[in-house]
Amino acid sequence: MNPPGLTTACAAMLRRDLTLAWRRRGDIAMPVLYALIVTMLFPFALGPEDTLLQRIAGGVVLVTVLLAMLLALDAMFSSDIEDGSLEQLVLAPQPLALMLAMKILAHWLTTALPLIVIAPLLAGMLHLPTAVMPVLVLALLLSTPMLSLLGAILVALTAGTRRSGMLLALMLLPLCVPVVIFAAGAVAASQQGLPWLTPIAWLGAALVLLLVLAPLACAAALRIALDA
Amino acid sequence: MNPPGLTTACAAMLRRDLTLAWRRRGDIAMPVLYALIVTMLFPFALGPEDTLLQRIAGGVVLVTVLLAMLLALDAMFSSDIEDGSLEQLVLAPQPLALMLAMKILAHWLTTALPLIVIAPLLAGMLHLPTAVMPVLVLALLLSTPMLSLLGAILVALTAGTRRSGMLLALMLLPLCVPVVIFAAGAVAASQQGLPWLTPIAWLGAALVLLLVLAPLACAAALRIALDA
Amino acid sequence: MTAAPTAAPNNTPLLEARALSFHRQEEPVFAALDFRLCEGELALIEGDNGSGKTTLMRILAGLLHVDEGELYWRGEPLLQRDRCIGEILFLGHQLGLKADLSPSENLRISLGLHGCREQVSIASALAEIGLSGYEDESVRRLSAGQKKRVALARLLLLPATLWLLDEPYANLDRTGIALVNRLLENHLACGGAALVASHGTVSFHGGEPQRIRMHA
Amino acid sequence: MTAAPTAAPNNTPLLEARALSFHRQEEPVFAALDFRLCEGELALIEGDNGSGKTTLMRILAGLLHVDEGELYWRGEPLLQRDRCIGEILFLGHQLGLKADLSPSENLRISLGLHGCREQVSIASALAEIGLSGYEDESVRRLSAGQKKRVALARLLLLPATLWLLDEPYANLDRTGIALVNRLLENHLACGGAALVASHGTVSFHGGEPQRIRMHA
Amino acid sequence: MNASSLQHFLAMGGYAGYLWPAYAVFFIVLLADFFAPLLRRRRLLRELRSRLARKAVRQQRQAPTPTEPA
Amino acid sequence: MMSKWIPLWLHKLGSPPTFYRFAGTLRPWMLALALLTGAIALYGGLVMAPADYQQGDAYRIIFIHVPSAWMSLFIYGVMGFAAFLALVWRIKLAEVVAMESAPIGAAFTFITLVTGSLWGKPMWGTWWTWDARLTSELVLLFLYLGVIGLYHAFEDRRQGARAAAFLALIGIINVPIVHFSVNWWNTLHQGSTIRLLGPSTIAPGMLWPLLTMMLATKFYYLASLFGRVRTDLLDLESGKDWVRTIATGSTHQ
């Protein structure tokens, strides 16, 4: 009757969330389709001028991916709150921060990863040069986990409310402005043939910091939001 | 003992929805803030180059307003279905289409109107020339009701299913591509000093058509969705 | 309380069902149902859970479409709903109340849509239903039975000849149950009619009600 | 049915409330409530609509925080919820079912959270509760009473010592009511305890239950 | 200060169109900020009074018919 | 634990009815001081101070722009500090102060943005550019709004206050970014010209009205905060006897 070991618990947590996501695999496709359609709207709204589209391709893809992730973020804890399993998790004899880190990882795997996979396609639709693609993917690989981590803190904070996704957007976007700036900076630099390693390095450093701090902050936020 | 007149019923309906919106007035502010923040992201993602921003301002504002409205659309009927007040509405001795038109009007007033009011501000942040603003506002005044009306039909259709905002987005976005094209066309034409009346006229004609047809379609869709 | 229905009782039944049947996913929920309901009459719909009581109610209210059989309203076939709309009041499992609004606001909306009986005010209806003091509380903050009472206040306020009540007694305490019975008696005495689905025994003074049995 | 609680009944009460009081917007909902519930005992919470039955239940379930007074669980102060969690099963006005999922899927979720009694399978629980044939229908498509039965199936499946049942009889037909009474009797016979809020008369064989009266 | 110097002052060296709106915004926003809580306070007290009144009504209603029916 | 190092009078002040009365007596004085110093500063700034040799009279926006900008940062600092107290020691008054500071801070931030862009049009030829200081100030506004929105999203106000306090603490990194952005990135916006320590690079005729206005905004903040805290305390304690006496007794007080 001892609580199970850390690895077991983490694995169980991760498996649980991935299974749940798989059960609703239609929902995994949604952010991807959403990003596709939003990207498609831009040529219509701006006119099909190749050089213009090419110029804005990197930025638009970044913003689109961000918005798509934002929409999916809201669901990170909501069903767990509704059915009370989050309370069970808080009371489980495991470090909450670690369990939450697993949840965030599962969320990233199911929402961000598919988006990163189709990002080159989206960028291609807007005529981003192929040479810039690797930098775009790299920037996304570093910035999307940060969005997941920052988002998790804020979603946890709103856990006790009748939430609206909009409030989440309001809270998250100021925090992710720097992330967008650096990621877009790297893409733009690479597109202009300038060195793009510095912004990528900054992103990496911030990610490492967040990987350590965000789960702890998330756990603290959750305890605040759940305990009346 | 006669059922109350149409005007009374319409007024009651409109007042009801506006009161409900006022009770949750925080939610009214949210689409506005969302649009503000999304607009803000573009200069970060694309770099603060004035001419570029100016070039894309109209399109970006249109897309942003569209996305913000989309997020708010999901809530149009959901609470009425959950608590059974939609059934009561269907059973009331009043033409359902008219009552739904009132609901759509209330929804437009509470979500689209605030967006239109700040649209010039958003456009100004992206350096859209002041001369183009009236055309932008006009285009929005004509296109946002269309989004509300089209959205209402789709929301009514998905009323019986387990909806997700994403599904709605998927269904609505293809329908509003023509709206975006014409609205953006008018703004772009005015920005280039070309005559912009033709696309606006088209928008107006489509709006008139939708104003008549959409409430009827919405009522039919709702009856289908409830009849399960 | 004032009389809502004005027409004097006569011989043609208010509502008549002939060989009504309804299928759900090709399985019959009920079949060959016949009944007649005259003004001043009460019919109890009885049956086990899942036997189709709510389904029948929703059909009569016009929320579902009947598969086979005919419905007559005052002797005429009920093809178009607008013939009886405004004369039927339906109270289902879902109460149709907005949690963000107060009881009086909720009732005012119903009045706007359905019109009002004479000489009944919202405040007096709420007082009669046992909710004085809660007029301006938001419905979210009411208990389950109090919510039910707000919905029942519609019976007092709105003009209708036929009441369709789906489990009106659920969640009510004893005084609440007595209240519903009193409302029903008054309604029938004034020439109204009512269909009530309920599992509890309806202790009803004034004639044995008709019973419609649903077979699951 | 298998016995869930394993501890033998002893003298310290399972749950004891001393001078419990609760305020809503600074108005007392109830004050100075005392009761003790031992293993094998049933307590009925009685009171009018809005007298605070649901509120008391939610406090005992740990969903609301008590203002004043103390709660003891097996003789020890109930400050941290984790002392009794997993031993309490709460069934409220909201059934806590996902409308998109089927009854068996819903129950499987509950099992995942709370663990399972031995020798009870989901299928057998659903059969016992009278829902065989509806295992894979989506809950959205069930009648009101059938939904209630799905929620009640938890009583059969999950291990818990104390049942908190808020109006368990609402929406059920007569066989359903008898079923709940049988479940209760079995549970008490096996050393469990239960608190039941209900307006109907609980026809209970096997000892007069304790009554907790709420005064509105 | 005569009329022309007042005009001169108001013109603000040609920047009146920027300067005075700025000051107007400053004062309007701060006024709104200052009076918002006072209005809210009035509403709160009114609500509290009506709540107390309602509570009195509830207690009055319960007084003649005690909760024990039998 | 608290009582060891918090003096008794401060502890007593933390009790809502005491603070309610304390704030009630102090508030008119703060308001009077704010109006007085504000009037002096306005006279000094608009009438006495000479026109700038470069900017002409447009520079006079400085007398509201800069104090407001300082206040927007200062109030965030106060809010962060109160939020910290609220989270660690769960002091009710600290929660209230943090939450009621947010709207005032948001108001000053808004003023800064509007006056800044009204100043920017004649000076830089544009209402708005996306430079570091302007952007970070805009982000500051969003942070304030996020705090306010989160606070109101909760049914339980104290829980909402704690959650919003947490958000306020996360967002505090933005304050140094706003302040130092002009040093870290080269921007259109002017660098620091006024230093409290060391010589300022601004004419004394312009400096004294600026500092007086800064004083006025500080007084105003206290006056507004006291009014807001009083209202909030009434709301939070609405069932307590002292509030009931206020409600049923004299309506004005």
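Every chain is named by a letter (A, B, C, D, E and F) in the order it is written, and numbering of its residues begins at 1.
In this text, a residue touches a chain if its C-beta (ideal position, glycine included) is under 8 Å from a C-beta of that chain, and two chains touch if they have at least 3 such contacts.
Computed from a predicted structure; not experimentally measured.
A.B. asks: Going only between touching chains, how few steps reach subunit E from subunit B?
C.D. replies: Minimum step count, subunit B to subunit E: 2.
A.B. asks: Using the touch definition from the top, how many steps at minimum link subunit B to subunit C?
C.D. replies: Graph distance in the chain contact network comes out at 1.
A.B. asks: Over half of the interface residue numbers used by both subunit C and subunit D, so same, or under half, so different?
C.D. replies: Shared-number fraction above one half, so same.
A.B. asks: A-F versus B-F: which has more C-beta pairs touching?
C.D. replies: A-F
A.B. asks: Looking at CA centres, what chain is most distant from subunit D?
C.D. replies: Looking at centroid distances, F is the chain farthest away.
A.B. asks: For subunit C, which other chain has the most distant CA centre?
C.D. replies: Using the mean of the C-alpha atoms as each chain's centre, the farthest one from subunit C is F.
A.B. asks: Between subunit D and subunit E, what is the separation of their C-alpha centroids in Å?
C.D. replies: The computed centroid separation for subunit D versus subunit E comes out at 48 Å.
A.B. asks: How many angstrom between the C-alpha centroids of subunit F and subunit A?
C.D. replies: From the centre of subunit A to the centre of subunit F is 34 Å.
A.B. asks: Using CA atom averages as chain centres, what separation in Å is found between subunit C and subunit E?
C.D. replies: 46
A.B. asks: Measure off the straight-line distance from the CA centroid of subunit E to the CA centroid of subunit F, and report it in whole Å.
C.D. replies: 19
A.B. asks: Identify all positions of subunit B at which a residue touches two or more other chains, and write them in rising order.
C.D. replies: 26, 30, 33, 37, 40, 44
A.B. asks: Taking each residue of subunit D in turn, which ones touch at least two of the other chains?
C.D. replies: 25, 27, 47-48, in rising order.
A.B. asks: Subunit E: which residues touch two or more other chains?
C.D. replies: Counting only residues that touch two or more other chains, subunit E contributes 51, 55.
A.B. asks: Mind listing the subunit A positions that touch subunit B in their complex?
C.D. replies: 27, 30-31, 33-34, 37-38, 40-42, 44-47, 52, 55-56, 58-60, 62-63, 66-67, 71, 164-167, 169-170, 173-174, 177, 180-181, 184, 188
A.B. asks: For subunit F, which residues count as touching subunit E in their complex?
C.D. replies: Residue list for subunit F touching subunit E: 46-47, 51, 56-58, 60-61, 64-65, 68, 100, 103-104, 107, 110-111, 114-115, 118-119, 121-122, 220, 223-224, 227-228, 230-231, 234-235, 238, 243-244, 246-248, 251.
A.B. asks: Provide the residue numbers of subunit A that touch subunit F in the complex, in ascending order.
C.D. replies: 153-154, 157-158, 160-164, 167, 170-171, 173-175, 177, 217, 220-221, 224-225, 227-228
A.B. asks: Touching residues of subunit B toward subunit C in the complex: what are they?
C.D. replies: By the definition above, subunit B touches subunit C via 1-4, 8-9, 11-13, 15-16, 19-20, 23-24, 79, 82-85, 87-94, 99, 226-227.
A.B. asks: Which positions of subunit F touch subunit B when the two form their complex?
C.D. replies: 126-131, 135, 138, 142, 145, 149, 152-153
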